[in-house]
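Going in written order, the chains are labelled A, B, C and D, and every chain counts its residues from 1.
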Amino acid sequence: MAVDQVAPAARPPFFYDPRVRAIFFQVLVLALVILGGAYLVNNTLANLARQGIASGFGFLDTTAGFGISMSLVEYSEESTYGRVFLVGFLNTILVSVVGVFFATVLGFLIGVARLSRNWVVSKMANAYIETLRNIPLLLQLFFWYFAVLRTLPSPRNSVELFGSFFLNNRGLTSPSPIPEAGFSTVVISFAVAIVAAFFVARWARKRQEATGQQFPRFWAGLGIIIGLPLLAAIVTGFPLSWSVPELRGFNFVNGMVLIPEFVALVVALSTYTAAFIAEIVRAGITSVSHGQTEAAFALGLRRSPTLRLVIIPQALRVIIPPLTSQYLNLTKNSSLAAAIAYPDIVLVFAGTVLMQTGQAVEIISITMATYLALSLLISGFMNWYNQKMALVER
Amino acid sequence: MSEQSQDYTTGQHPDLPAPITSTGVIGWARINLFATIPNTILTVLAVLLLLWLIPPVIDWAFISADWSGQTRDDCTREGACWVFIKVWFRQLMYGRYPVDEIWRINLAYIIAVAAGILLFVPGLRGKPWIGLFLLAGFPIIAFYLFVGGSFGLPDVETPLWGGLFLTLVISGVGIVASLPIGIVLALGRRSKMPVVRSLCITFIELWRGVPLITVLFMASVMFPLFLPEGMNFDKLIRALLGVMFFSSAYMAEVVRGGLQALPKGQYEAAQALGLSYWKMMGLVILPQALKLVIPGIVNTFIGLFKDTVLVLIIGLFDFLGMVQLAGTNPDWLGFAIEGYVFAAFGFWIFCFGMSRYSQHLEKKLHTGH
Amino acid sequence: MSMNPHGQESSASGSQMAISDEVAIQLNNVHKWYGQFHVLKDINLTVHRGERIVICGPSGSGKSTLIRCINRLEEHQKGQIIVDNIELTGDLKHIELVRREVGMLFQHFNLFPHLTVMENCTLAPIWVRKMPKADAEETAMKYLERVKIPEQAQKFPGQLSGGQQQRVAIARSLCMNPRVMLFDEPTSALDPEMIAEVLDVMVGLAESGMTMLCVTHEMGFARKVANRVIFMDGGEIIEQNDPEQFFNNPKSDRTKLFLSQILHH
Amino acid sequence: MKVLTSVFLAGAAIAVSTGASAGTMEDVAGKGFIQCGVSQGLPGFSNPDESGNWTGIDVDLCRAVAAAVLGDASKVKFSPLSAKERFTALQSGEIDILSRNTTWTLVRDTALGLNFAGVNYYDGQGFMVRSDLGIKSALELDGASACVNIGTTTELNLSDYFRTNNMKLNPVVFEKADEVVAAYDAGRCDVYTTDQSGLAAQRQKLKDPGAHMLLPEIISKEPLGPVVRHGDDKWLDVVKWTLYAMIEAEELGVTSANVDKMKGSDNPGIRRLLGVEGDGGKNLGVSGDWAYNIVKQVGNYGESFDRYVGPKTPLALERGLNALWSDGGLQYAMPVR
């Protein structure tokens, strides 16, 4: 049988052509999804129309008429529902950022303690991790809120700390700073100090590369960042006065207050997430093989540069991706605020506004879209970071 | 040393006991507790912390706690009032499920536990079948047992379901339903077809990107509007749907991890043997990938199990919800702490047990691979 | 034969086995790119039934890609690949048919670790050839005996040594009763003492008249069984000849350089 | 997969109640019971006992509707609903009546697609504070923290009141009533505000009810009543007239104890109400003895009130605004004729 006889193959029958199959299948799936979606949308519209339920996003301009206990931006009862969204959103961001900060610090501490050669410390860290991560966060939140709230005194019997901080069951009241003329100088000098510290570090690195001489850039940088604003403050005569809280009626006026809902939420979120971060940190550090330490020691590096230049960069590469997803979890978990009256987006927007207007579809969609956007932002950052690290790896 | 070594000829050194400072209790303590001065300080501080923390808790929970009685008046002592838990125990476990019908729940538990134990018997043949039964057959049996209305069992409405039972139902349905959906989504996400892939990615990232609480809100206030007039789902079913979407997105990512962990050679060898896509997946790839991700599945289950408490926010009385309900009963005010401690303990036992199991599996897979 | 510019294969005589006139594999002007990278450049090759061809060349020369195109693990973008008179196109049916007839061995064996040796061998016969289980097992046993490990049939691949695993892989391919076997560096992941046992099986296979395409650097094997050696570099076939001529009298400088590197080490 | 799908479908089939789109009336007659949305636990209005039996005046209203439509007051199933879910549940047809101390407002009556069928409790928003705060009036509450239920009219009234009186307010809002009470009890707030009836009910849930007092101010009108879906006039009529029948029965002195005897009364009003004369029931689309069934099985309005919220109950609420119009109250039944 000669090869020459094989004619160029005819086009395969369409049902055996993978491209045709793929297109057919995809069109089918897409059609099903679109049909399903259209069915749901149609039902929803019909339901809304039949019962005369208002729809659309016009409600965002309506006056809210209710108060919110904590707001980072100007808010009053006359503000609109749109403003309520902003207030809730910012409160969500605030509690997430603060929670992430404390969770990271606590998590790294406990993760390192878990690896400590001290038996008691290591076991205690282990007990912490195993206890906290195996109990639902909501339960812990109730504990921190109700159990701790009950033990705090009423405002009249506040615990006084340093003369101007007051702790009671309305929260922690502290003096609030009031900037005066010249305060901007201090702020500017702070910014300048950060830039300067950055350049000093760069100069130090360049010099080390060129001459081999080393320079204590960390301490120098710290000195600049603290020293320069301090100097500016002294020169301008401390242009900051404090509004000291005082008890009037049955609550404190003036000063600023950290409401207990915020404190409970931050404590619960950060202690819970810290348990997971601790495990991540431990896994990250143990993932760097002991051979790396030995190799660094054998090269004559001392302990601190070994950690700084060899171990930590490698451990971080393992730690950062799961750490980011913990940050993501913490942000999403902050929605539990709704259970303890912290005015986050779920409580004030998906809660109060939803009930006032009854526009469930619009409001739940906005809320979910907001969280989705936050998640995509964080995971986008994570992907960027991973790619960067992967490049470094090769 | 040098004098000693002279006594022996080469190759004749007997074993000497280790110095006392490196063995036994003292040696252990020296190494693990008092290696350096900072270490010693740390040890002392830690022990002080424990001494400050633990005795009051033990005293409250055991020594001065009340254990017997029927009413709150029996709680006379300083410590915890476990009578509260005792009186409410049935509700905490089964909600308001009719007393005469509770045997149905227990029967389902027994079947599940028995099948579960069989899974642990080493060397038993047909474990995959038991697994399949737990995932496919058992839910059907449980469904008819719990809901009733057929086989001569009286109907039990879902608003009566509650307590730990409801928690198990929600997390169980979530995990069992999410497995097949998650597998399909994971395969879709790795598909070469752009439309399928982007649909799967959208679905997965959508549910993973939002908190469960908003999903549950959506289930409770938005789903009803999606359905045509005159048709609606039970509130529990709606919550279950929400939980299913949510957990299948997470499951998809777990399964995808397993698919990615398989070397490319496995796909190629299967193709070279002439297996079609679905045969390759069903016979070669998925069996391996799923086995690889069992720990991940268990971890997802733990997460889901903990997350189910959120259903109390939409008014279902799960384990924690029932504890809260009991705590606000006018006859039993002031014992909320006992309730919360009991709930925490219950959740902890389940989650800790499962996480130990998953760690054990991970180790086994690690060595057995 | 006009399609083949070299036309040397008929003179091949490295082996005692007869070569039929029947064409098993035919490649005409095959090109392949990975993105912008041109991995296969105008490959023309005719393999007759019963021929045993060894392909060698430096790493990255496209030799693995070439044989992976033959059972469509890689898709070529230009030219014709015809296996057993079936042209490889997008047609799923054709791909399926070709894969049934072409067995393949991998560098890393690629046994399925979750199946026993026996199950590895019977998987494809049962599911692709729709063979009854008992028949499939009988066939599998026959080939396991042929690769000299019938006693390992109930073990899992993880319990075997590398050499044993590769022999199982050979048996697994043979169970499909292929007309052509492709070998992608079958011994390069093995410890030296295990290479011999795999090569022995391969020699046995060659002697039975199997059409074989083998990417390998085992030059001893090439001398012993190949009736043609192909040298590839930069995605092209540089030279092909019978082993005698190829090793003793290479024509191209690139071949000479390559041979000097692998033979004098 | 297939098995799971079928299980799910089986579950769905059982859980889906395919209410006919013909109307709630036919729907109810078809399925043989009324699905009634109630609060998750508010003593006196709707509260479950340990075995899941519901009691309260809101519950009684649903039972009365069942008695009128189905002739059997026990043919009711209750869906406990949170404040957030209640309207959706009604809109979507999950429940047939919402009887969950819901305030009648313009927005709810219009933009939410609801219809209020009447008022079964005239209430007003009040304040509760700790006695030891030494406060006598709500006007002294400047700067106070107030615990309140989320998304209720109460929350809005509270804001309005503080605004009009130029006082500063720190609202602390919770989703569930129990959480509001718990937070107030824990000292998180100076004042707890909700409908006065609610204050009386929730007060029982405080650790030491005696240590708290109600302030005299009533800052709002809170007419609470049953709600039905918009656009189903027939069903609206039934619910509306069920409520009126209960009030009318009290006006006429017909009680569950004497209703059988009253059937023989020669008072034409009573005869019309109990279906001895006229065809009110037929016009309403129910049986002629609908009102008889209501009174016999549930009782008249006054009986229901006294049973669950009146002075002899732990709530100890006076009739006040809820007295009959003839006694100086607001409860006034449209003539049943």
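Here is the rule we go by: a contact is a pair of C-beta atoms (placed from the backbone, for glycine too) under 8 Å apart; a residue touches a chain by one contact, two chains touch by 3 or more.
Quantities reported herein were computed from a predicted structural model and do not represent experimental measurements.
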Chain separated most widely from subunit C, comparing mean CA positions: D
Selected interface, B-D versus A-C, where C-beta contact pairs are more numerous: B-D
Innermost chain, where centres are averages of C-alpha coordinates: B
Subunit C and subunit D: spacing of chain centres that average the CA atoms, whole Å: 82
Distance from subunit C to subunit A - Cα centre to Cα centre, in angstrom: 55
Whole-Å gap separating subunit B and subunit D, where each centre is the average of the chain's CA atoms: 41
Geometric centre distance via CA averages, subunit D-subunit A, whole Å: 43
Residues of subunit D whose C-beta touches two or more other chains: 84, 88, 91-92, 175, 182
Multi-partner residues of subunit A (each touching 2 or more other chains): 47-48, 50, 146, 338-339, 354, 360
Residues of subunit B whose C-beta touches two or more other chains: 217, 221-222, 225, 227, 229, 313, 336
Complete list of chain pairs which touch one another: A-B, A-C, A-D, B-C, B-D
Touching residues on subunit A, where the partner in the complex is subunit B: 22, 25-27, 29-30, 33, 40, 43-44, 46-48, 50, 116-121, 124, 130-131, 133-139, 142-143, 146-147, 332-333, 335-336, 338-339, 346, 350, 354, 360-361, 364, 367-368, 371-372, 374-376
Touch list for subunit C against partner subunit A, complex: 1-3, 22-23, 26, 46, 80, 82, 85, 87, 89-94
Subunit A-touching residues of subunit B, taken from the complex the two chains share: 31-33, 35, 39, 42-43, 46-47, 49-50, 192-196, 199, 205-206, 208-215, 217-218, 221-222, 225-229, 302, 306-307, 309-310, 312-313, 320, 336-337, 340, 343-344, 347-348, 351-352, 355
Complex interface listing, subunit C residues touching subunit B: 71, 73, 96, 99-100, 102-104, 106, 108-114, 123-124, 127-128, 158, 169, 172-173, 176
For the subunit B and subunit D complex, residues of the former touching the latter: 91, 96, 136-137, 139-140, 143, 147, 149, 157-160, 176-177, 180, 184, 217, 220-222, 224-225, 227, 229-237, 313-315, 324-325, 328, 330, 333-334, 336
